[in-house]
């Protein structure tokens, strides 16, 4: 569960809600416009349907829930696990890893170790694991792309809605009393478009990008770890190699890197 | 037939149409302006004629129909086919593939296998197939570019039309009754430009980009498969290598990758 | 002679002209403003003079005429020529190519073949030809850059002119009758800037980019062809290698690639 | 302590403050709006919470203090130190470096030399140090990204606030006396958003980027130096190699590069 | 002395000055606003102080004078010189180059030849010279970056100033006579920001980028030349290799490349 996403979204909505209530008082309900929401959200969905393959569009919900309910894996623990496997391999032979990794959190480890145990050619192992890494990165990139598209098309439909409203208003300028409310209504779609993009779609796209980076880092550590174990590296070397992926403050050697 | 493209386009137009009708009522027909459409669509076409080589411009319709009527190939089936060829090559020798691939869906397979059967040097096979891949990617990139250009120039002509309308209106401000309708007319080209770009050209460009990615993935799988078959790889290895291109949920080994 | 460029430019100007005449009627001549044209065109020239080396700036006309009068070379014919040279080299020895290529359309072929005939080291031939390719690409890139700059600075000067006009108008708001015409005049520079950029500079820049891609493709085919001939490849192999640069529809083998 | 950051920020605020006081006189306090600040700053924080992993968001303060209190290391001194180590290694053997580097300013040197002293394989040393370099670059990139995001979302919330204010104002246009102040209030959030982005977030992001470049240069020099020392290079060669990272004006050989 | 920069700047200022005088007549002096200049120029300086390291900021003047007073080196002459050195090295041995290059225009040549004369390992020579090339490119990139930043922040401060002016004006809308002049004053900062960016900062940044490209080309030619001389290449080969960097029209062999 990603608390920051929930809190951030709630905070953003509260702030805009507060701005509306403190400014409009009892008229605040005038800010609710089903037709504006329909144009902006519906329009963004329509354009994403055209721009993305259908299968990808249908998976948008899954990507969204990933941004919300992602359980962060500990890099520290992953490295400890891999160093542990290196020790087992050193002590009991690489074949004993088949049992040891049976309950590994990440099936990517199981797959890699299994290939090492099977005596697959190291180059082939690395190639297969890197292929998989690239494929994961590409799938994630596309998921992020759906929300980037929403963030691009929602404001565009907001502007289209506002232009329609302005034209309607301008065609009926005989009654000056109607000008203000007409323009207010027209601006609502721009407001909705901007809110939908900046409070929802773009930050979610950014978070999916960050999640992707995290996951690729973990997978990269696994690949380096498996290759290192496979080549029979000393567990201390394995640890030294993998620790470089940790920020200095998380290394338990007490050393401190000069970053200030 | 790409249903999402049709539905998405129809949905977008309906939403804007609804906005117009609910706002303008009987005056909705005032939103139809042949001259505005001429400036925006004609102008975008004019600028694309200048910016693209003539041959490319004339093929725009073909690219468009590709976005609409693209038949998706199954990655799963392609991999199964290639693994099948690997088994035949293993069992009956690579020469027997000439017959087996005769009815392959993708002529790219036929070409690759043919070269392998002819005993062409593996490096040359890979080079020729990669050349072809690059050439396909470049042709597609250019097709996408035409729609990207339309999406860039349509709003520009929309703005040019609006500026012309504004200047005309401003020169005749003696009659205040004409200001509103004059400005309404002026804004129509901006509205048309924005609609043409965001509801048609840019999403189509995005979809052509996604189609290109899909096709390049298939071609890449074919190249990897042909090279693997050519080098006499064990069918199981071929399968393992190619399966990495599938998302985990589509792999029939029941394994599940940790992506949540 | 590039007809599309001429027709496209003419079409764009006609459309805007039509919009002006149909809107302004007899007042259309008010859209002609020498001072607006001076600010936008002169300003764009001024900024490009500052931003580009003088020699490049002076060559802008040459680049422009290239966009207009470029004679397209046939990729098909080039490949046929190169395959022809490969046959001659196979039959009569590589030395006989010196005569055969004497009348080649592209001096780049003559230069490459000459080096092969002279017995220059293949690696050196490739290096020299690739250096030349890079140098051509860089010169073209700069030519495109001049028009990209014009397309960037013309609207900027258009806005500067409009701001000047607005300030002048706002300082003299005592006479309401002058507000309309004042603003109309002010908007003219923005209109000119947008037209100069979107109907002329940016599409020309795009076309120069497309021309560059075409020419680099031809030069790349020549390099591959010369290297293939030099290494004594079978003419059929040479053809197979070079044909991959053609779109499938242009290959005379009747094969069809699945691109729909 | 980075004086330029402090002075620049102070100068920017003073200039805008002066503009406000000289324009608004006694009404200057009307420019202070807690609710506008809440929407812009709170909104930017909200969107960054959604878009960045929580851990990164919480470290924003640390990144900021880094931009403020960064102590620049001298490239010249670093090179002198490394050349000094090379001399010691040449004279007394590489093992003697363990003591010599004990007090090195940068733990990265200590780590590298330690591995060299331990007789670690040179390739492994380079790989571990480069891994560490990449990891540092990535952490810094993310720190910069937080401020880039703030610089992107603050103006977006500023526009959202202004749209809310405009809609409120337009719904109450009966009283013309309220139009001016209503619009003034509405524009304040855009002003705040633009100030927060351009006077704080974006420049800080740029400075973090520049800091990162500086630090990576230092680390790169250290890696080149350690590898050079490890391979037993003559100290003069080490110096020659490392001096190329200095701008010519800082080289004490009196040579001058033609850069004018 | 770079005449184009001077003429271009003067032309730009003249055009805007003409626009102001022809529009405002005697009121032209109202366009001079010390406070607007202070906000835009001072603000841009403030943000660049925050965004760049202090040392870089202080060197901005040096970069500017480089854009103005850069003396172009002749590529043709450089190649002739290098070919001359190759001939001397061929005739009298490489050691004789020490004297021959003593008066070379570019110290980069002296340094490279000196290393070749000293019998430094060719790989090391290339590495040191490439390091230097990268370091020069990076320093120039940063110099360009300062002016890019000014071009980005000046319009931002222009908008901030205009927003301040608008808010002041809107708070005092009781007196309609003040609206016009108030808005005129407010727009002046936007005008100043746009002029400062588009007539000064951005073109200068572009020119520094072009200068950098030129200088890197010269340095690249020197590196290729020195490496070619060092390896004892025939002077004719050296010439052939280096001539590829010249545009065809500048080659004295009379050959013409098909670029029309």
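The first chain written gets the first letter, and so on, giving A, B, C, D and E; residue counts start at 1 in each chain.
Everything that follows uses one rule, which is that a residue touches a chain if its C-beta (ideal position, glycine included) is under 8 Å from a C-beta of that chain, and two chains touch if they have at least 3 such contacts.
All of these numbers come straight from a predicted model, not from anything done at the bench.
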Grouping of chains that still touch (sans chain C): one piece
Neighbouring chains common to chain D and chain E, by label: none
Rotation in the CA alignment of chain A with chain B, degrees, nearest 5: 70
Averaged-CA centre spacing for the pair chain D and chain A, given as whole angstrom: 25
Chain A-chain C separation of Cα centroids, rounded to whole Å: 40
Contacts with 2+ other chains: residues of chain E: none
Chains listed in ring sequence, where chain C comes first and chain E follows it: C, E, D, A, B
Chain E-touching residues of chain C, taken from the complex the two chains share: 35, 38-39, 42-43, 45-54, 56-57, 65-66, 69-71, 105-108, 111, 124, 127-128, 131-132, 135-136, 138-139, 142, 149, 153, 156-157, 159-161, 163-168, 170-174, 215
Chain D residues within the chain E interface of the complex: 2-5, 7-9, 11-12, 15-16, 18-20, 22-24, 27, 30-31, 72, 177, 179-181, 183-184, 187-188, 190-191, 194-195, 197-199, 202-207, 210-211, 213-214, 237, 240-241, 244-247, 255-260
